[in-house]
Amino acid sequence: MEHILSWITFIPLIGMTAIICLPKQSVGLIKRVSLVATGIPLILATWLYFQFDPQSVAGGGFAFEEHIPWIKGISANYSVGVDGISLPLIWLTCILLFLGVPASFGIKKSEKAYYALLLLLEVGILGVFISLDYFLFYVFWEIMLLPMYFLIGIWGGPRREYAAIKFFLYTLAGSVLMLIAIISLRLGTGTFSIPEMVNMAQAGLVVGPEFIGLDYSTWVFWFLFVGFAIKIPVFPFHTWLPDAHVQAPTPISVILAGILLKLGGYGLMRGCFPIMPVAFQENAYALGILGVISIVYGSFVALGQTDFKRMVAYSSVSHMGYVLLGTGALTVWGTDGAAMQMFAHGTSSAAMFMVVGVIYDRAHHRDLNGFGGLCQPMPIYWGLTTICFFAALGLPTMSGFIAEALTLLGAFQAGDPRFQVLVLISVIGIVITAAFLLWAIQRVFFGSLNEKYKDYPDMTPREIFCMAPLLFLCLLFGVFPHILLDVMEPSVQHLVTLLSVGK
Amino acid sequence: MDLTFHPESDFKLLLAVPLIPLCGYLLQIFFGRFLPRKGDWLLTGGMFATMCITLYMFAKAMNHAYSGGGHGGHDEHEALIGFFHESRHTGFKWSWLFQTGEAPDSVRNLTIGLLYDGLGAAMLAVVGVVSFFVHLFSMGYMQGDRRYHIFFANISLFTVAMLGLVLSDNIVFLFIFWEIMGLMSYLLIGHLAQDPTSHRINHAARACKKAFLTTRVGDVCLFIGFMMFFLHYETFFFSELWAQVNADVALNGWQSWHTTAGLFLFGGTVGKSAQFPLHIWLPDAMEGPTPVSAMIHAATMVAAGVFLLGRLYPVLSPEVLGVVTVTGATTAIFAATIGMTVFDIKGVLAYSTISQLGFMVAAIGCGGVGLVAGLWHMVTHAFFKACLFLSAGSVIHGCHHEQDMRKMGGLRKKMPITFACMLICTLAISGVPLFSGFYSKDKIVMASFLSLGHEFNGPALWASIALPAAAAITAFYMFRLIFMTFFGAPRDSHVHEHAHESPWPMTVSLMGLAFLGIFGGHLWLNGDLLGAHGTWWEKLVMNEHNLADLSKMYGGVELQNTYGGAAMDPHGHVAHSAHIWALGVSSFVAALGIFAAWLIYHKKKIDPARITARLGGLYTTVANKYYIDEFVEITVIKSSVVTARFLRWFDENIIDGCVLLVGRINRTLGFIAAWFDKTFVDGLVNFLGTLSNAMGSALRLLQTGRIQQYISFAVAGGLLAAAWLILS
Amino acid sequence: MVDLQKPFYGGLTLFFVAMLGWGISSAGAPGLAFGFSAALTLGGSLVCIWERSVVRSAFSLMGTFVGVAGLFILLGADFVGMAQILIYVGGILALLLFGVMLSPPDMEERKLSRVAGGLVLMGAAVAWVSAKVAATVEWAQLPKDELPEMTTSVHDIGVGFIAPDKYVVAFELAAVLLTVALVAAVYIARRKMADFEPAKDIPSKDIAGKEAAMKEIA
Amino acid sequence: MGLGAYIAVSAALFALGVVAIVVRRNILYVLFGIEMILNAANINFVAFNRFNGDGLDGRMFAIFVIILAAAEAAVALAIVLNVYHLFNTTKPAEVDLLRE
């Protein structure tokens, strides 16, 4: 199938155009259109996922590539392609956006604009995942930013402007650093194509002037790293996350936690580490430390929260720390774990935000101490929540366990023995994660029923439809991890060989 | 009936063992509520089939051991190289992490297979039997429960986890099932936390969380432990691990990291089988329904910890074994003392469980014959402890969920079957000769004596003092329970009148388990009734792996004799004398404990109140479980919560503050600019004011929305650029 | 408040005369024409900035346009000049006047201080920059006052518009743009206040939220 | 008259345009200023086109600029009217929705 990646990416754009042309009174039609416009890419992406032959990209290279000259003046091309690392994330994106549409049916405020922006968001995200050209990458990156800003700022909670502005400033700061680095790379390498940059990096040809007293590779590395780390988010740059999550409407939180955080990790794996392998090796331990700080710190702060959604948000900080730890370890298992963790967290945390959304729609508050005994009126909700929370705390047979176990094993095997200390510290995070999740379950579901909530309806079929597939994926990849790992493995191995150049 | 083990066919049969209850679980969780009787018959029947399979396979193992030479005929050693099969050698294996990406036999690709050896065979049979009876019992006990079908589903998944743990041939899968068991214990202990009619709903909610978290600590330790071993030996399979460790140790001895890793591994046991100081979850676990307690305490959860020790015994260094001994002995005596002061009938059993687990762990720490004895005790204990719990459950059921022994008494007439079964198992747990518990416990004492060896040996010494004492106390408080519950005059007439014998499913399962409580010990004997040496159980459990490292055990020589068997040392007199001693001591302490209980609680010769008064502070300390819970509450929980609160404050004020500092600065800039603007109403300055004001607000929100200011910026910027171009 | 109408127009006249004089003195009749157009241009825009009433400003802008047209013609671009007069003076100015008529008169919005400040600052800046530039340019290398005589005419322009190798694409685009723009203009202009409900959705409308946001930021 | 004179005129016109946009508080003056600036640009186009050889490009550009100006004026005017509808003001300073 020719140009399938472009189709997947731009079908939502078509949908958006259609929605714009629709009158804004016909809400039902708009919803149906957006369902279709997200459903077709999902079907295509699923087809692509099982069409993809991992061995074909074993020695590097990409599948389903397309190269079209775009801006000749700066030699920026429209070149896209996927490998084993980006393909699962593309699939995840399509799944979550598709589930995000029915999850948004509760929104009653200027739906037309909402769904149009949602589809635009999907275009941006998918574009980032498929683009092999740094200029294209950056363009999509910015495209993705604006809809998010409006979706939070207009459909958000009471403090939405604050959250949106904070989100915007943070990400903008990151983008600026990224832009500087990208331009300097363009000047240094004379191309925007990421694979070419990587090849030149292998030959040690990515050189340039030093800046603020750092040599070229170091400062470009750190600029790119901070640019992406803000998205992950890594410890010192994470404060936008809780506000954005708490203020954003449920489906937006789902997408934010499910995919946008992955963009950071993906960007590091695609656009930062392989281009600056030497600087990466020099700073690997620092990255590991940042990851571990995020893990432990995030879990502790989550334990201290009383707001359900803030708790979940900080749990994301904690979980995404594994991505950094795993990649920093520079072992195949560690990187496998990191890649897997991105997918696993994408499903589990998305489901967690749906959990929060369900109860918020009924109680209109998120105070963990305000609930109690909810498992009596809402048994289905309790069951799904339990599955979801145990998926999040890395119970075996859930994908989270595979990811965390691989990450820790890989980190423990790292060439740098100091990583073993990091692993020993990071397991504190595991226990604390279990602690705050179970504590939340106890406070919300167990114990004597709060009379106010006596006659709450259980989850509606729509809500179940939004949450169940995610949990099913958690279980599926927990029991049959090879479905995911086989696709990732060759690319991950290639990535590790790229990163360990000169070692 | 062909009783030789054929790996090709029999492993398929073994695979069915966990799969039957698993399918039952899936059916039950989805359709249970629609089935007649809410589908309990489905799971109980499935469990019955499972039990039959396990027993059949067990018979094969037994047959091997016998034909392998119980009766000192042909090569003894051949017999000792026990019964050990791994399905991956017969091609019956699945690669888990990767199907295409990795070579199926590479280290990075985890291959699953089944492991079936003597220990596994026995454990599998025990789990099958006990959980079948527990299922049966629950059919009566849980009647009218609000989430009846869910309960059955959970308890059978619990069994699945244990069966899988026993069968798994590599430590990762052992860990996975281990964790699933943690989850199921969480759900089952919390079963009543969702039942609005239960008056202890909040306790249950706390208890299940506590159980999961406490064991989780142990699990993490276990994970780290086998991660360290994997780092050095690049394998997860037990057999390869044993072989490599033995080779490594034979080559360059025990290194320090062996000890560290071993201690981490032992941490897993400490968590799961409730050793000091992580035992705190177990008494709270009593919040679960009684069948759950029976399940957790007898066959599945706590046994898993001991089973893990049995599996990993060959990789534990002498230092680790010392720690294991001390921990076990301490736990045994310390839990026993608490057991004397508890009045909740299930609470007594809970502490007796902890104490018995201490016995097993201590014995395994003693190594050699101790390993045999400890595992043996695990098996016998499984039977009589399950029976004890179920009897207690039947008593509670009969007394309408009254658990306080002080309100019972004189129930002997009311529920004779329950009484008989409970008495039998009490005799067994107290180690009265000819009852199952006697053999194993007596062997444990012997192991501790043997471990003393020639040179001074602290852990063994402590074990040989603490274990007999604990045995005596055990006998005492178990009979205290019997006397307070079944004998004497009814203390609470109301309870007494309504007391009644339980329905048939409960009594049947009680009788079945009580039968095993009597003969569960003899099963392992062949030839000498005292089981001095060469018992069949030893032949079953021993295999080349844990034979290969006798040297590291305390007083190795004697042990060589003990179950190197007659072939090596026909007299084995040292072992024999040790055994005579052990025999005497254990029967004596049992008698002592029973006699004391009889004096105090039946004959009322001595008033317990006086003793407690005499003891004073000591008694209160013990009665309050040595304040361990309070200690943990203060140190661990409070501290982590405080840390969390502080970090939250830190995050919201310091870090976020730093982020917002920029905003503050720019806002002040804006104010200054505004002031500047107001002060000099002059075109030039006004323009500058607008400019700087806009700068301030632009820095604040990046944009002010004033077109004119934008253009001002543009122009100013253009001019500046021009100026720069010109001047440079 | 001080009203500087008289001094301003006086100064303007002086400027006008000065331009004419300079033109004559430097290049005779064409110089005179140049000076006239230039003075008209600048004077028109000056008045436009200065005048208090929007109507007068708009009309004074006509002066600018005509002046520019004159400059075009002086440069031999007579077609452009004509187009300038037609489109600007005939079309755009009319549009602007519509705007003027449809928006309320506000006599108080002009601030002398601002106008003066702006003029001074901008004037200074531009004067400085152009002085610098002029200093850097080697006038010797520039073509002298005698212009190369014209060979191209309106006909070439017409050809250029339609010749496929010239500007036909741009021409078509411009046509499309004009159409779209006019349609859009009509569309926007026809909307009534009722259509602006979404505007209330825009966060800034709820003042409380705005205040909260500001507080948070601070 | 030399090239310099024309450039000077266009520079001055440009400056005046900017001033018109910036200093007046009526949105219409923004339009006026924009027209002035466009005209300044046009003068440059035509002047340069004239003074080095004679191509067509400069003049063509000028024409296109004029066309654009027409379009822009139309749209801008419509916007002005809407702004007036919405905010009851023509002071751009009070039209700061862009801020949010």
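Letters are used for the chains, namely A, B, C and D, taken in the order the chains are written, and counting of residues starts over at 1 for each.
Convention: a residue touches a chain if its C-beta (ideal position, glycine included) is under 8 Å from a C-beta of that chain, and two chains touch if they have at least 3 such contacts.
The structure displayed is predicted, hence computed values, not measured ones.
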Strictly by the touch rule at the top, which chains does chain B share as contacts with chain D? C
Find the most central chain, measuring centrality by the gap between its CA centroid and the centroid of all protein CA atoms shown. A
Could you let me know which interface, A-B or B-C, is made of more C-beta pairs in contact? A-B
Relative to chain C, chain with the most remote C-alpha centre: B
If you average the Cα atoms of chain B and of chain C to get two centres, how far apart are those centres in Å? 86
What's the distance between the Cα centroids of chain A and chain B, rounded to whole Å? 36
Rounded to the nearest Å, the gap between Cα centres of chain A and chain D is 46
Hey, how far is the Cα centre of chain A from the one of chain C, in Å? 51
Can you list the residues of chain B that touch 2 or more other chains? 683, 687, 701, 715
Touching at least two other chains at once: which residues of chain D meet that condition? 18, 22-23, 96-97, 99-100
Quick check on chain C: which residues sit in contact with 2+ other chains? 111, 114-115, 117-118, 122, 125, 129, 202-204, 210, 216-217
List the residues on chain D that touch chain B in their complex, please. 18, 21-23, 30, 92-93, 95-100
The chain C residues in contact with chain D across the complex are 23, 26-27, 30-31, 34, 38, 41-42, 45-46, 48-49, 54, 57-58, 61, 64-65, 68, 71-72, 74-77, 79-80, 83-84, 87-88, 91-92, 95-96, 98-100, 102-104, 106, 109-111, 114-115, 117-119, 122-123, 125-126, 129-130, 134, 137, 139, 142-145, 147-148, 150-152, 156-157, 160, 166-167, 170, 174, 177-178, 180-182, 184-186, 188-189, 191-193, 196, 199, 202-204, 210
Touching chain A in the complex: which residues of chain B? 95-102, 108, 172, 175-177, 179-180, 183, 186-187, 190, 193-194, 196, 201-202, 204-206, 209, 212-213, 216-217, 220, 223-224, 227-228, 230-231, 640-641, 643-649, 651, 655-656, 659, 701-702
In their complex, what parts of chain B are in touch with chain D? 683, 687, 701, 703-708, 711-712, 715
Under the definition above, what is the set of chain B residues touching chain C in their complex? 660, 663-664, 667, 681-687, 700-701, 715, 719, 722-723, 726
